[in-house]
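The chains carry the letters A, B, C and D, assigned in the order they are written, with residues numbered from 1 in each.
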Amino acid sequence: MARATGSETTAGGIFLGKTSYGKSDVRLVKVRRGKDRHELTDVRVDVALEGDFEAAHTRGDNTDLLATDTVRNTVYALAKDHLTGEIEKFGKKLVEHFLEAGPTVERVRVRFTEHLWDRITVDGREHEHSFVRVAGERTATVEGDGSGVRVGAGIDDLLVLKTTNSGWEGFLRERYTTLPETDDRILSTVVAADWTYYDGTDVDFGGVWRGVREQILVTLTDHYSPSVQNTLYRMGKAVLERFSEIEKVHLSLPNRHHIPYDLQRFGIENEGEVFHSDPEPYGLIEGTVERRT
Amino acid sequence: MARATGSETTAGGIFLGKTSYGKSDVRLVKVRRGKDRHELTDVRVDVALEGDFEAAHTRGDNTDLLATDTVRNTVYALAKDHLTGEIEKFGKKLVEHFLEAGPTVERVRVRFTEHLWDRITVDGREHEHSFVRVAGERTATVEGDGSGVRVGAGIDDLLVLKTTNSGWEGFLRERYTTLPETDDRILSTVVAADWTYYDGTDVDFGGVWRGVREQILVTLTDHYSPSVQNTLYRMGKAVLERFSEIEKVHLSLPNRHHIPYDLQRFGIENEGEVFHSDPEPYGLIEGTVERRT
Amino acid sequence: MARATGSETTAGGIFLGKTSYGKSDVRLVKVRRGKDRHELTDVRVDVALEGDFEAAHTRGDNTDLLATDTVRNTVYALAKDHLTGEIEKFGKKLVEHFLEAGPTVERVRVRFTEHLWDRITVDGREHEHSFVRVAGERTATVEGDGSGVRVGAGIDDLLVLKTTNSGWEGFLRERYTTLPETDDRILSTVVAADWTYYDGTDVDFGGVWRGVREQILVTLTDHYSPSVQNTLYRMGKAVLERFSEIEKVHLSLPNRHHIPYDLQRFGIENEGEVFHSDPEPYGLIEGTVERRT
Amino acid sequence: MARATGSETTAGGIFLGKTSYGKSDVRLVKVRRGKDRHELTDVRVDVALEGDFEAAHTRGDNTDLLATDTVRNTVYALAKDHLTGEIEKFGKKLVEHFLEAGPTVERVRVRFTEHLWDRITVDGREHEHSFVRVAGERTATVEGDGSGVRVGAGIDDLLVLKTTNSGWEGFLRERYTTLPETDDRILSTVVAADWTYYDGTDVDFGGVWRGVREQILVTLTDHYSPSVQNTLYRMGKAVLERFSEIEKVHLSLPNRHHIPYDLQRFGIENEGEVFHSDPEPYGLIEGTVERRT
């Protein structure tokens, strides 16, 4: 998120290391007013600039600084002509712009969090300008330093649950282990996936995003899960096998534990029917699946 | 939320007024393991008991108090046999139970917030035991005092937006008024609707709930909105006209303002395309639409 | 929160019931630049207007409506001259203003949530213009209909905990009761208190607010708590006994359960030392303590 | 947060990269029951294990995995004897333990977020077992791989504000710049600071933590701030100058903008008195200040 300027600025050898600055949480909504229907993009934008900002930090000299307010204005201004489709393409335009606009900017990172809307259906037809928010978020990150641009994308806040075909057995038992083994439990998680493209130039970003989301859902269903770890690996592998555009995918899968409630105390049998959904603590399983290049 | 016990307990005339207690945020998940597929109910339950709890409050005498931990246990225990369909029916069972279980309980209120899940689709078919969370929440409130039960239901967190066919004109202009009039703006709100049934005995609760949600969405699209106030009234009226089971409906519509970003400063025309989505402050419009009985 | 206009507007007997509207979450910061030091007020303001808004709701006629944007402007404009001390006094000015400004407004409710800041201490002295946020919130509600003004105040988000001198014994035991009795537990809650003044004209609002907060803390410490219910009553009673300006006080005390962790399974004794702090579910105890007038 | 196992597992060259797992959001409360008074530690613990978990991920073989439930049990069990003072020392014990307990664990990271409580004051004396939560959080991170342990600490959620002695002038002006210059504005931020110790063995962790917090507050007050960047650098430098135990400090300072409300439209002068506190977007300034070793 920054760079070392390396300059020593005090006698005691104290110096300014990596820095960055920018504008976060720019809430941009773009309407494209087509002849037949309107298209809607609803996105939060975070822009971070890295470079040589030592004069501002150590001497209070702002001469070469773009104001973060200017960064905000620019996001809206460029959205007019350049946010005409996928957010990833708009991100590349923003990176390019800020590398030029900031005299000492050396690297730009733009992160998008897109809120998703479906068209409202009226009499079986999608309405031309009315929308209802759906769950989950589409993210994208575009980063560049003038020598090239790196494009990534992601899925946030995708809650899934299967009521069976999942277990947790054969794990290590030692002094502090009390958890019983089970070959039938609820598996539930909030998928956060982030991936990077080999080359962000010629990708059907929307199509791949929808495909990754679909693949993650399908993989959840297609196997007995012996652990979140194994399901994580299977998801990553399936995504890479399906989309050759993707270099690697990172998955973060918090285990949202569902505990069978002890009803035997009341003379009631609980055969995998009544659960307490425990918000915390949660097992957190993370991993990256990559491709040998 | 309680009752006046009315007893004077100190010389200075200080007395205990209305009280209530219970368990909140009981996170219950019920799986019904059908032969062909599993059904899932994921609900947060709040139980509040009212009655004569003066002994506990003023004298520290807990003899007649159900522990809130007992309330929690009971919710899970009764879920086994009684949460077999709509949450409203389970609510009636809980009300009935707690009126009997608590020696000095005179009124019980159960509130549900149901998280909604869709089945995951694999190869065009709904999966039998795998689910993905969708947006919004279904709520229900069941309240009873032994002489009868009152059932209400609701929708929470339904975000909608239309990009046009909405305006705000002809309003009062005075000293502190600076807002320009417009006949074309974005209208966006987070619908919270709550309604009560005439008689909670013989209602297709799920069917009505889905119908109300659909009607609210359709009404949003079917008219030019001169104000949130007018759209609120139209929504309420349409719901009552469609469902004779419903006595009255309360709607709370925060106006999520979308401000056209001023691009003229940069020589760019903004013809209703680029907006700042402002999280606050928000106009808050509330109202009830009722039926003469 | 509103009024019944009572007018029947459709053949089917459907009519508009209670309504209200206004601006919520107006984030106002006021600096009073004294000669020696600056005073800071940081407050969120919610304004709700009630009255006859039927024309807007049912006919789309906005003629008599103050825009919520005007409401916002007004809060900032009046803050200049009228937010010079306690928020309660500013609230009375706002109520008075909006009753006049809105031709069909009949009742106004203003709610404040004040964020609290302490001065930063430097070399043992309070700094004249630098502040650090402290925990908790001060609230106030002012409501009027032209015939008088009703003033209330409150405390939000006051987390307290005592590690002993609290128990829960002698409660009802029945089929679903599994909780053991204890005469030594952690008692922790997030106090929300709301009170009303007999007469909001001549009160030292800040002094009383600080006194109520202090009294609630002191009462927490001054007795063995046999239940949250009893502690609630004691808090309310102590507040009323100390402040004759206060008519009644409502307390909402969620029981933040701290569960002794079962270490016996590992051959370790846990003598009230190691606890799991359980965020949910929580017992919720609410009650009002009043004064016979 | 993980490691590359490097093994190629499919024909297509897809392999498992870095992984980690553990338990997050373990809510531990420890009471030390001294003769005269009780000491309270209220902390959220996140444990992440890294190592060779390939068997679990790719083959569903859990043989060598510690269950995350075991991780949770262990945190509570070890807290009995080992959480007797600073969280950093407990962290070192946990790292040591998990390196031994997990057969294929190669690196352990423990992160603490401690909630802060003050004693309640009664009649001018600190109460022996009653507490009130105060704002802000103390964090600590302990990380080890068997060859050594790395200890860091931090401050979260420290909101500060100065009403004057701050400006923003002389910045770059270009096409999209509209912000006026000012030599008198409100400066407000939520300080997040993280630092690392040269050697985590012999540090007065609590004393340094309180000293860093105090220094950050004092530095905020001791200069005219020409930019958040400059204030960030001054804070980091002052911390390093004061505490030779600290190797480097990272600061993240979101600029919580306070916009003077335009009252001129109403014929009212606003001389730095009435502000709108804008929650978003926010300038985000980040940087590390280090020491040449």
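The rule is short, and it goes like this: a residue touches a chain if its C-beta (ideal position, glycine included) is under 8 Å from a C-beta of that chain, and two chains touch if they have at least 3 such contacts.
Just so you know, these numbers come straight off a predicted model, no measurement behind them.
Visitor: Report the chain whose CA-based centre is farthest from the CA-based centre of chain A.
Guide: C
Visitor: With chain centres taken as the means of their Cα atoms, state the distance from chain A to chain C in Å.
Guide: Distance between chain centres, rounded to whole Å: 37 Å.
Visitor: Could you please state the distance in Å, as a whole number, between where the Cα atoms of chain A are centred and where those of chain B are centred?
Guide: Roughly 30 Å separates the two chain centres.
Visitor: How many angstrom lie between the CA centroids of chain B and chain C, rounded to a whole number?
Guide: Each chain reduced to its C-alpha mean, chain B and chain C end up 22 Å apart.
Visitor: Quick one: which residues in chain C touch 2 or more of the other chains?
Guide: In chain C, residues 27, 73, 77, 176, 178, 265-266, 279-280 touch at least two other chains, as defined above.
Visitor: Examine which chains touch each other and state the graph shape they make (line, ring, star, complete, other).
Guide: Topology of touching chains reads as complete, every chain touching all others.
Visitor: Tell me, which parts of chain D touch chain B in their complex?
Guide: Result: residues 175-176, 178, 265-266, 279-280 of chain D touch chain B.
Visitor: For a test of understanding, state which residues of chain A touch chain B in their complex under the given definition.
Guide: Residues of chain A touching chain B: 27-33, 38, 40, 42, 73, 76-77, 79-80, 117, 120-122, 127, 129-135, 158-165, 186, 217-218, 220-222, 258, 261, 263, 265-266, 268, 270-279.
Visitor: Okay, in this complex, where on chain C does chain B touch?
Guide: Touching chain B: residues 1-2, 8, 10, 12-27, 46, 48, 53, 56-70, 72-74, 77, 101-103, 168-172, 174, 176-179, 226-230, 232-233, 236-237, 240-241, 248, 254-255, 280-293 of chain C.
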